[in-house]
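Scroll down for the structure; my scribbles are underneath it.
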Amino acid sequence: MFMRMSFTVAVAGASGYAGGEMLRVLLGHPEARIETLTAHSSAGNALGEHQPHLRSLADRILAPTSPDTLAGHDVVVLALPHGASGAVAAELAQRDPTTIVVDLGADHRLSNAADWEAYYGNAHAGTWPYGLPELLHAGESVPTKQRAVLAEATRIAVPGCNVTAVTLGLQPGIAAGLIEPLDVVAVLANGYSGAGKSLKPHLLAAEGLGMAQPYAVGGTHRHIPEIAQNLRVAGAPDVTISFTPTLVPMSRGILATATARLVPGTDPALVRAAWETAYADEPFVHLLPAGQWPTTAATLGANTALVQVAVDERAGRVVTVTAIDNLVKGTAGGAVQSLNVALGLPETLGLPLDGVAP
Amino acid sequence: MFMRMSFTVAVAGASGYAGGEMLRVLLGHPEARIETLTAHSSAGNALGEHQPHLRSLADRILAPTSPDTLAGHDVVVLALPHGASGAVAAELAQRDPTTIVVDLGADHRLSNAADWEAYYGNAHAGTWPYGLPELLHAGESVPTKQRAVLAEATRIAVPGCNVTAVTLGLQPGIAAGLIEPLDVVAVLANGYSGAGKSLKPHLLAAEGLGMAQPYAVGGTHRHIPEIAQNLRVAGAPDVTISFTPTLVPMSRGILATATARLVPGTDPALVRAAWETAYADEPFVHLLPAGQWPTTAATLGANTALVQVAVDERAGRVVTVTAIDNLVKGTAGGAVQSLNVALGLPETLGLPLDGVAP
Amino acid sequence: MFMRMSFTVAVAGASGYAGGEMLRVLLGHPEARIETLTAHSSAGNALGEHQPHLRSLADRILAPTSPDTLAGHDVVVLALPHGASGAVAAELAQRDPTTIVVDLGADHRLSNAADWEAYYGNAHAGTWPYGLPELLHAGESVPTKQRAVLAEATRIAVPGCNVTAVTLGLQPGIAAGLIEPLDVVAVLANGYSGAGKSLKPHLLAAEGLGMAQPYAVGGTHRHIPEIAQNLRVAGAPDVTISFTPTLVPMSRGILATATARLVPGTDPALVRAAWETAYADEPFVHLLPAGQWPTTAATLGANTALVQVAVDERAGRVVTVTAIDNLVKGTAGGAVQSLNVALGLPETLGLPLDGVAP
Amino acid sequence: MFMRMSFTVAVAGASGYAGGEMLRVLLGHPEARIETLTAHSSAGNALGEHQPHLRSLADRILAPTSPDTLAGHDVVVLALPHGASGAVAAELAQRDPTTIVVDLGADHRLSNAADWEAYYGNAHAGTWPYGLPELLHAGESVPTKQRAVLAEATRIAVPGCNVTAVTLGLQPGIAAGLIEPLDVVAVLANGYSGAGKSLKPHLLAAEGLGMAQPYAVGGTHRHIPEIAQNLRVAGAPDVTISFTPTLVPMSRGILATATARLVPGTDPALVRAAWETAYADEPFVHLLPAGQWPTTAATLGANTALVQVAVDERAGRVVTVTAIDNLVKGTAGGAVQSLNVALGLPETLGLPLDGVAP
C-alpha cells in the first residue's frame, strides 16, 4: 500500500506539443492537480485555442512563463526550447528548494559538458538525474536500474524521445556483453510531432503527406551523445553510433531499428534471453513474443515501449526494433513515470498502458 | 454519491475493430471486469495477435462466440456482423434475463421493420432502446433526452457511427423548429476503421493513402433511415436526407458536414442559442466557441463530439460540422456511456474526454 | 494537321506550389520553351532548392518578379498571390500587347465587380476570358462551350480549383434543366497543397496527418461567387450554393460531392444521359461507367476530371461526385489546356491523361 | 541520331500494381504500341475496373495470361508472381526467339542458384541480363557499367525495388574502395504499393495509416542476396548486409538509408568525389548538392533516383540516402530504361525525369 499524495503542478510551455501532452497525461493521473499553465507568445489565450483536444482544460487561461507564475507548486514541468530551462530552474530552486522540477528539454541530460558544447554549442546548464527508470546500470555488482537514482531526485532530466527508443532496444545486449557497442547503427522512422510546432516549409502537411525524408544525417543529431551516454551506463566501455532519423507521414511515433554486431563467438541462442531478463518485470517495456514485430500504432497514446530482437547470423548482427509514442513514453509519459518514482507513488500510477489503435 | 458497483463483461467479436475498441474503453472503466473475450475464426488465439495495442489483455485467449461462452456475465457486448446479434441475444435472454446486452451492430436500431427490410433485406430482429443519451425528445411537453429511456434498459442498440455525428449536428435546430427536416444534405469524411477489418482491395493502404473516395452514393447507405428516425424523435414530422460518406486517409474519425435550410423567416441570431441550449449540460457534446471548427484529431480516442454551427444567409442554410472518433463516441464509448446510464452509474464514469493529439 | 509552333514562357511565382506545377506541366509540353522563372523572396536561389522534384530545371536561377524580367516572352504565367496580378498584367500589356498572359490567381475571374468586392474586399482588376474550355454556354441557340471564347483570347483567367470540380459536376444538369440551381450543396475533401506554402500552424504535417478539418464554413469561401457565375453561364437564372471545403490528409486532390434537387416531375432516367451528352467528346472530363465512383488517386498528376452522377429518389436530389488533381486540372493543367486553345494548338497537346496510382 | 523504331508490347499481369505502372510508363513512350494486356483471375474485365487511373486504356479487355496471348509481340513484359515467369518465358523463347522478354519478377535476377534456393526455396529458373544500366562493373580494366551488357540483351531481369535503392546508394564507394563491403547496414522506409495488391490484414489502410511497421527483420528478406550480388559486381570481394525494410504511410516510394564503414585511413574528403564521378553522366541518378537530402516526394512518378552521401567521422561510417519511386525507377521505369538500351533506342526515351510533388 502507498499513501495517496496529491500534488500541484505547473506546466511551462503548455501551448506546444510536449506541454500539451504533459497536460493530457496529467489529466489521467489521479493525484495530479493541474494549477498553472504558462506560455510565451500565447499568454493570455485560452488553452482551447492551442490544444483543442484538451476539453477538460479548454477554458484555462495561459499565464506568462516566468518564475513568478511557476513558483509555489509541488511540481513544475518545463516544456521549453533548448537553453531556456537552466535559468528558470535556478530561480525556482532558490525560491522553493523542495519543488520537483521536471525538464522535458535537453538542457540537463548530458553528464559531460564537452558533449553538450560539441552538440549544442552554448554553456552547459548542469546535469540532473536522468529520467529513464528502466536504464540499466550494469557496472554495479548487483545490477540496478535508474529508478533507484530517481527515487531520491528533486530534479528530473527527461530523455530525448529517440534516445529512449534506441536505448531500450540495445541496452540488454550491451549489459549482457552480447553485442558490441562500437559500430552501432540506428535508423528511425519518426512522426512529425517530434519536430514541434515549428513553422518551417518541410514540416507542412502538403510536403510531408505521402513521403519520407531524412534529417540530421551524418552524425550531427543532438541525441547521439545521449544515446552513447546511456549505453556506457549500461556497460559499454566506449560507443560509436551512426544515427539517422527519417520523417515519415505520421503525427506521432518512433520506430527505431537499431543494430549492433554480435560479439564474435557468442551463441545466438543467448540473445533473446538477455532481453527477456532485462524487461521481465518492467511494466511499460514489453518484449514481444518471437515473430511479432512492434508497430507504432500499438503504442499510440500509451506509455508503452514494444521491443523485438532478432539475430541475423549471416550479417553477424543483432537487430532490434523498438516502437514508442514519442510524446508519451518518449516525453510526457516517461516524465510522469519518473515523477511517480521521485514522489514515492506507484511507478505506473495514472499512466496508460494500452494504445489507441487502429 | 453513487454506490460503486463493479460488473462483469463478455465481449463477443473481440478480434475486430469495434470489439477491440470496446475492450480499450472498458480497460479504462473502474467498475468493469473483463471476463470473457470471444471470436469466430480467431478463437483459440491470444488477443495480442489481433489487438497488439491492448497490452493489458495480450495473453487472454479468445473463446468461441456462442451463448455458452457469453452467458453468466452482468453485461454482454455484441460486436458481430449485421444479422448475427438477434439469435445470440434471444438465447441470452432466455438463460439470464437480467443480463444487460449491448449490441454494437445494426440489428436492433430501427423502430420501423419496413425501414429495416428496405435497407438490410432480411427479417427485422426487433427494436431495442437506442443508445444515444443526448438524443432529444422534442415532442414531449417537457423536453427530455434519450437517457431517460436508457435508465430503465436491459438492452441497448448502439447507434451507427455516422448517425451519431449527423444527429448531434442537426437535432438542436430540428427540435427548436429553426431548420427544415426536408432536404437535409450530409457529406462525411470518414476514417478507414469504420469499414472494419474487411479484406477488400479498395481498403488497402496502398489505395487509401493519399486519396479520397466516396461510397454508397445516391441514397443507398444503411444509416439513412436511422438518421431520419432520430430527427423524427427530435421533432421532425418528416425527413429527407441526401447522405454521402467519403473515405479519406485517416484511420479513425468522422467529420460530418450536415446542412439544412433555415426555416423561412427565422432570425439567424437565434440559431446559435438553440445549439447552446441543447448541449449546455452535456458532458461529451461540446459546442465550440464561435469561429473555432471541429477537427477529428481533437476527438481521437475520446468520447467527445465537437460541434459547430453557422448560418449561411446567402444560401439560406444552416451548416453544422460535427467531429467524433467513430470507434469511441461513434461506437464503444457511446455504448459504455449508455451502459453507465443503464447500470445507474455516473454517465461519464471511465470515459475519456480529452483527445490524443496532435 | 496543325503547324507546330513553339512558344517561350516566363513563370512568375515559380517557387510556390502553383508555379512549380505549371513548370512540371510545361516540361511535358513539346512546344513550350521555359525561359524565365521568377520569385519574390527566393529570387537568386536555384529552383532545385524550392522544387527538388523538378530535376530538369534544378539549376535554373530564380529572377526577381517584375515586368522587366517577365516581358519579352510569348506567354507569361502569373502564379502570384491574389491582388498582385493586375498591376503586372497592365504593365505587360503596355510593353508587349501580343503576349498571352495566363493568371493562375483570382484577380480576373469574376465578371461582376460587386461579387469581387464582396468576397475579396479590394478593387476589381477587370475580367478576363475564363479558362475552363468545357464550360457550357447553354443559353445560346446552338449550345457551345467556353473553348470558343478562348480561341480568341490573349488573357486567360484560370478558374479556382474547387470551382472547376463543382462546375464540372453540376453543369450538365443545369444546362439540361434537370436540376435546380437554387439550394445547391457542395462539400469537398481537399488536399493540403490547395492552401499553398503558407506557414500556418493548422497546415503543419503534425496537425494534418490523420485528421479532417473544415475551413471557410458558412458561405465565406471566395470560390462561391465563381461557381455561381459558371452555373449561370450554363443556364441557371439564379443560383444559391452552400459550399464547405474540408482539408483531409492528402497532398493533392479534390473530391467534390455536389448535390442539387431534381426538378420536380423530372424522369430520373434522363439524368445520366445529360451528363453523357455533355462530356461525350471531352478529352479530359470522363463520366465513369455506372457503378464506378471517382477517386482522387485516379487523377493524381493528370489533367483529368472523373465524374459520376446518381439520383437519390427518396431525397429528391441528384448527387454528383467529381475528382480532380487540384494542381493539374484545377490549376496548371487547366491553364495549359486553355493556352493550347488560345495558341491554336491541339487542346490536349502535352497534357497528361493518365494518373499516377496507386 | 537514332532510327525511330516502334515496337509492340504485351503486358502480363496488367491488373496488378507493377503491371499497371508498366502500362503507365509505356503510355508515355513514343515508340511503344501497347497491344495485349493479360491477367489471371481478372481476365475478361475491362482494365478500367482495376486501373481506374489509366484513362487511355480504360476500355481495353484483359485477356487470359498464356503463351498464346503473349506470343507475337516485339516485347513481352511479365508482371507475375515469383516463380511464374520461368515457364512462360521458356515457351515464348521457343515460339519467337527474337522477342525481348522483360521480367519484373525475381525469377531470373540471381546468378547463383544456391542463393536462389536459400531465399526462395524452389528450383532456379536461370539468370538473365540484369536490368540496372547504372550498375558499376568495377573489376574491369576500364570500368564499365551494366548498360553495355544490356545493349545485347533479349532477356531482362528487372531488379528488386529495394535492391535498386541500396545498390545506387553504396556502389560508388565500393567501386572506389572507400567503404567496406562487410557490415553494411541498410534500413528502408517503404510505401505500401511495394507489397502488391495482397489482401492481408496488416496491409489495410486502417492499419497502415499513421504508423510504421517493420517486416522481414533479421536477414530473411529476399532482396539481400541480390544486393550482395550487385556490390560484388561493383568490386566487393565479399559482402555482408543487415537489411531491414519498414512500411510507412505512403503509397509509393523508398527512402533507403544505407551505411558502411569507411575504410580505415581513408581521407573523408575523397568520398563525395567518388559519388560525383560515378553519377556525373547518369541521366536518372542524381547526386544532390551538399546539404540537400533526398525525399521520396521528389521522385514520385519519375524514373529518378536521388542520392546523397555524408561521412560520419565519429562513427567511422559513410551514410548514404537514396530516394526512388519503387514502381518507377524501382520497377517499370527501370525496366523501360533497360529495354530502351536493348532496343538501341535512346536510354531516356519516354521516361519521366521530374517528379509529381508536392
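Note that the chains are named A, B, C and D in the order they appear, and that numbering of residues resets to 1 at the start of each chain.
Please note the rule applied: a residue touches a chain if its C-beta (ideal position, glycine included) is under 8 Å from a C-beta of that chain, and two chains touch if they have at least 3 such contacts.
Computed from a predicted structure; not experimentally measured.
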Distance-maximising chain from chain C - centres being C-alpha averages: A
Chain pair with the higher count of C-beta pairs in contact (A-D, B-D): A-D
Centre-to-centre distance between chain B and chain A (centres being mean Cα positions), rounded to whole Å: 36
CA centroid of chain B to CA centroid of chain D, Å: 46
Inter-centroid spacing, chain D versus chain A (mean Cα positions, whole Å): 38
Multi-chain contact residues (two or more partners), chain B: 17, 192-193, 204, 206-207, 209-210, 249-252, 295, 297, 300, 357-358
Graph class of chain-chain contacts, one of line, ring, star, complete, other: complete
Touching residues on chain C, where the partner in the complex is chain D: 17, 20, 24, 27, 48-49, 51-58, 192-193, 209-210, 249, 251-252, 286, 288-289, 292, 295, 297-302, 304, 306, 353-358
Chain A-facing residues of chain C, complex: 17, 191-193, 195, 197, 199-201, 203-210, 247, 249-251
Contact footprint of chain B on chain C as seen in their complex: 183, 185, 187, 189, 204, 206-207, 209-215, 217-219, 224, 240-244, 246, 248-253, 255, 257, 259, 261, 293-297, 300, 308, 310-317, 319, 321, 323, 357-358
